[in-house]
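What follows is subunit A paired twice: with subunit B in the first complex and subunit C in the second.
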Partner chain A sequence: MASDAVLRVANVTVDYPLGRAGLFGPRRILRAVDDVSFELAPGECLGVVGESGCGKSSLGRAILQLVRPTAGSVSFDGVDLCRLSTAALKPYRRDLQVVFQDPLASLNPRMTVAEIVGEPLAVHRPGIDARARQREVDRMLERVGLRAGMGGRYPNEFSGGQAQRISIARAMIAGPRVLVCDEPVSSLDVSIQAQICNLLRELQRETGVALVFISHDLAIVRYMSQRVLVMYLGRVMEEGRRDAFFAGPRHPYSQALIAAVPVPDPDRDIAGEEALLAGDPPSPANPPSGCVFRTRCRHAVAACAGDRPPLETLDGGARVACGRWRELAGN
Partner chain B sequence: MPSTPVTADRAPAGTTVLECRDLTVRFRTDRGEVAAVSDLSFDLRAGECLGVVGESGSGKSQTFLAAFGLLAGNGRASGSIRYRGEELLGAPPETLDRLRGDRLAMVFQDALSGLTPTMRIGDQLAEVLVRHRGLPRREAQDRAVQALAAVRVPDPGVRARSYPFELSGGQRQRVMIALAMLCGPEVLVADEPTTALDVTVQAQVLRLLRGLRDETGSALVLITHDLAVVAGLCDHVLVMYGGRAVETGPVREVLRAPRHPYTRALLRSMPSLTADPDVDLAVIPGQPPDLENLPPGCAFAPRCGRAHDACTADRPALRATGPGRASACHLDDAGGHHGV
Partner chain C sequence: MASRPGALSPGPVTRALRGDIPASLWRQASRRFARNRAAMGSIVVLLLITVTSIAVPMFWPHGIEDASWEAILAPPSFADWHWFGTDANGRDLLVRVFYGGRISLAIGVLTTVVALLIGVTWGTVAGYLGGRIDGFMMRFVDILYALPLLFFIIILVTVFGRNIFLVFMAIGAVEWLTMSRIVRGQTLSVKAKEYVESAVAIGLPKPVILWRYIVPNVLGPVVVYVTLLIPTNIVVESYLSFLGLGVQEPLTSWGLLISQGAGQLDSAPWLIAFPATFLAVTMFCFNFIGDGLRDALDPRDR
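Right after this comes the complex of A and B.
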């Protein structure tokens, strides 16, 4: 990965306090993100995938400093955001923006659309006069596929897909360099998902914004991303370039995730029992020893419970954390 | 499920267990009446799996809520839905109470709100058997544990003593399915049963549903927004749009060669693991229809790339286009050739 990364996430760990085990017991923590590192080049899209509870949303929030990482660094343009005070962070907020899953919940119901979309300009370019701001808002609304005249309406007058367009307009208006999208199409109808995915792709091409695209849907991640990062119980299991990753996932967890994706092909069966994961992910509050995936891995052997497999960097930059992947690839 | 008492009078495979004719569901609102389902007809046969596909507001859930007598207070249904000849619409509460949870069962998307939070899982399952089958509580409890084992809940004996909040989302959905299958229903309706679950767990639950269908011969209705989910599980598919059936037929044929422009567009707009990811997704423009303001002609016309004058003037009827297939489109003259 190039040295010109716009975002460099290094060894980020996010702990949430769980309270004490019993009245006088030790303080317990839930490690939602455990030693995650990656780099993001300008204009690139990194897809972050995993099941619920894998820490992908916490990672997104840590990048945005909406939760402060317990350890590690998040460098934007070489500046470690984790070391900045809330006040010192403010100028960086225009560079790092976010689109959440539920658009209606993330839009203030008492503000008009024009106020919502224009607010980042008011904050980050306080000198801008009202007319210029209005022009910018109208331009942005039209860019995301809404009519400029809709600016006077309130969020509850819009469908989910339109509301997500408003969220995207708000996120993009100040010209961010990094956009974190946390399940941005998961709550939308199928016919609307494609509209929003295409819009994000166009904006990425036009503005060169880099995306961190968090999703549980591998088909959408394949469509959106140049690289894919697979997380399980807070840890990176595998990372790779899109085509290589989908053509030959190395980690047994990645293989199982891809096998489970339903496809609209009547000749392809639902993934067979042997390819399916048994059960649910264990609680992140009490992760297994050694490889955290071993309790659901059909290739697990006794050694997997011992040392945690390191995240190995391979030729070409792909990374994989499995003690057996070479051996399994040989079969 | 093999361990549960199966009533003797099951309809033989292939005979119609649920017959829906000209179903219309309307809701009274402040702004007048809204039709959520219009003139819907379909048959469900014993042992068959029917996928009902549509976006929000397509009427797919309301259809079956009407069949089960579970419409909201401002809703009313007309037409006919018969279970083995017995009319369900307007049936007295005693009839519905006898059938629901026994012959007719339903699984909802949100498994947590479908379970009583203050009752142990095993007690909730046992109660169904005590009520519908008159089993002694002790025996019902044993069968509850067997039912949990049949849907592959791990440690079923332990889990029977758990409360719903102690289970994961996937396990709760298994419990809901166990609950629905307890009396060996002839019709199981699963409304977006996997939408709230992770893909890995979704695949497990779909496999489970198919296994139960194969073992018990129950007819299965899978309500979903996802055509991909239908592909692996269903025999027939009914595609709904704006409260009406727009296309119906065997899953294989509909997915291979969809006839209605909406079905075609829906399939093309879905990202897949095989299409070239560098090509933009085909998009269905516009928004899903607003039921309060349905256009006079075809509800899909405002979003259809091939709509012409007739489409906005007259509503196309659902017409047979081949054996077991039908489509509601002016552009689809039965059997005739038409471009994609």
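Right after this comes the complex of A and C.
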């Protein structure tokens, strides 16, 4: 896997300036993504999960160079995108595309659907003439489940699910090799969610595009991904292959997340279960020392406040950042 | 899927990509606008005022400078073609009102166009680029803001002499400041939208993003402000003229006529009534048009 990765994210850190504390105080920063690394093979889907504010969207934007990482590298085909100027980056924009959460906010209300979907072709394949481009647009619209005749309409005439299909058509038309999906189904109805997920899987199978699938919904991530990356306060807590991860999560945070997934069983005794995860994450502007999860961890001990637990790589490629996981797995 | 390979009859997609519908948004908007009766009526009235302002002084039996000793402060009557009456110099008011309409409308529209062009360019660039450039550009606006309009115009008049184009320039040069602030604020909110990020992700160059993504999406509030700015600028011109810094006799404008008529409100009320009516009707029209445009240009309100 090491050599054939299409995308290699290494030690990426994203800081946002928060301004000074007081008039002459020190400059404060918010570390949204802290030293995140992973690799993505062609045609693979990596699910990135975590609560709101854990940095998963910032990670997605950093991969796309929509925000420039403060440190680390994002290598596509061995080229570090973080070192490229905006101009030098342009050819790579074709290979890395994005689908956002809010489908209507991601379509320019002043452009027709045909203009929206055809625009990437106009940028990256300026050679093709208008008629060929129109054929491509029609083909792509039909591929994502819309009628070709809808191209003359404006985004406000479409439902959320249809608008998300348009976003996907725009993202896929130039033939990207990595598609970052930032909560692509979170604002849709459940029945539409399944349709969009299936569409993404079909496109992935047909084109071999690799997905970075960001979501807070573990059930959808389990359906979509081959591997899962769990983030908390900007850091990677655990990474593993899908089946192994869901069968035996090692990190207490992963265990809590999986336990929190609602099970549609009316006979289930909810009162008898204890919530493994309570409260909200601490502010990423002022993270806890040592293990960032320790303030909400059931298994936290004094040692957890000391050194930051390293992200340990285990046999089989799984990774976990918990100082006590072996000990906890023993009992 | 009933796609026939040979079928080449152009669907909407084809036409849109070919550019047969160069501004389909505007077509949609104009259809919505046409349904707005108040706005359409206002356009008719404004056109009427504009056309008569241009045409009437051309053939009216009295010129704007023709003084008649027989008819000083004559009340409105159909005798002698003094329909609106005459002023203290025996000049026909009707021809002066229409002639003043030419100048007032021209100043209102041209100064607003100047303000619009500079303000939108300045505001979108500052808002989109952000950071130090934004700070520098907006502090420049703040500095100009601190300069009083009158002071600015007195300097201009002193340096360049009295000239009607100076009035255009001076008003336009001051009114773009507010415009640029409005546009910058709008740009900041549009910039945060995901469609702008998707434009960056596609690799569009910054000028294209500004022109295709930012400008069309900030125009809604700008249009409303423009329709308020035209009457404002007509009024600004009138007080400049009152102070002797704007339009000079024997030329005239609605503002100048109103300020002259105000002095004779008791003895010759028609002197203020007619130009004030024209000014008021014009302002109502611009406001109705502004409302109509705002509704028509914002498809999300539908």
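Throughout what follows, the second predicted complex is superposed on the first by the 323 of 331 C-alpha atoms of A that agree within 3 Å, B and C clash if a C-alpha of one lies under 4 Å from a C-alpha of the other, contacts with A are read in each partner's own complex, and residues count from 1 in each chain.
Note that a residue touches a chain if its C-beta (ideal position, glycine included) is under 8 Å from a C-beta of that chain, and two chains touch if they have at least 3 such contacts.
Small disclaimer: the values here were computed from a predicted structure and weren't measured.
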| item | value |
| --- | --- |
| Touched partner set for A:98, first subunit B, second subunit C, both or neither | second |
| Which of subunit B and subunit C A:25 touches, first, second, both or neither | neither |
| Subunit B versus subunit C as contact partner of A:127, first or second or both or neither | neither |
| Partner chain(s) touched by A:264 [first = subunit B, second = subunit C, both, neither] | first |
| Which of subunit B and subunit C A:316 touches, first, second, both or neither | neither |
| First, second, both or neither for A:64, with subunit B first and subunit C second | second |
| First, second, both or neither for A:52, with subunit B first and subunit C second | first |
| Contact residues common to both interfaces of subunit A (with subunit B and with subunit C) | none |
| Touching residues on subunit C, where the partner in the complex is subunit A | 1, 3, 11-19, 21, 24-25, 28, 193-195, 197-204, 212-213, 216-217, 299-300, 302 |
| In the complex, subunit B residues that touch subunit A | 55-56, 154, 168-171, 198-204, 206-207, 210, 225-233, 251-252, 255-256, 265-267, 269-274, 277, 280-285, 287-288, 303 |
| Touch list for subunit A against partner subunit B, complex | 51-52, 159, 161-162, 189-195, 197-198, 201, 216-220, 222-223, 242, 246, 256-271, 273, 276-280 |
| Residues of subunit A defined as touching subunit C within the complex | 61, 64, 66, 89-91, 93-94, 96-98, 100-102, 105-112, 114-115, 118-120, 123-124, 130-131, 133-134, 137-138, 141-142, 148-149, 151-154, 156, 167, 170-171 |
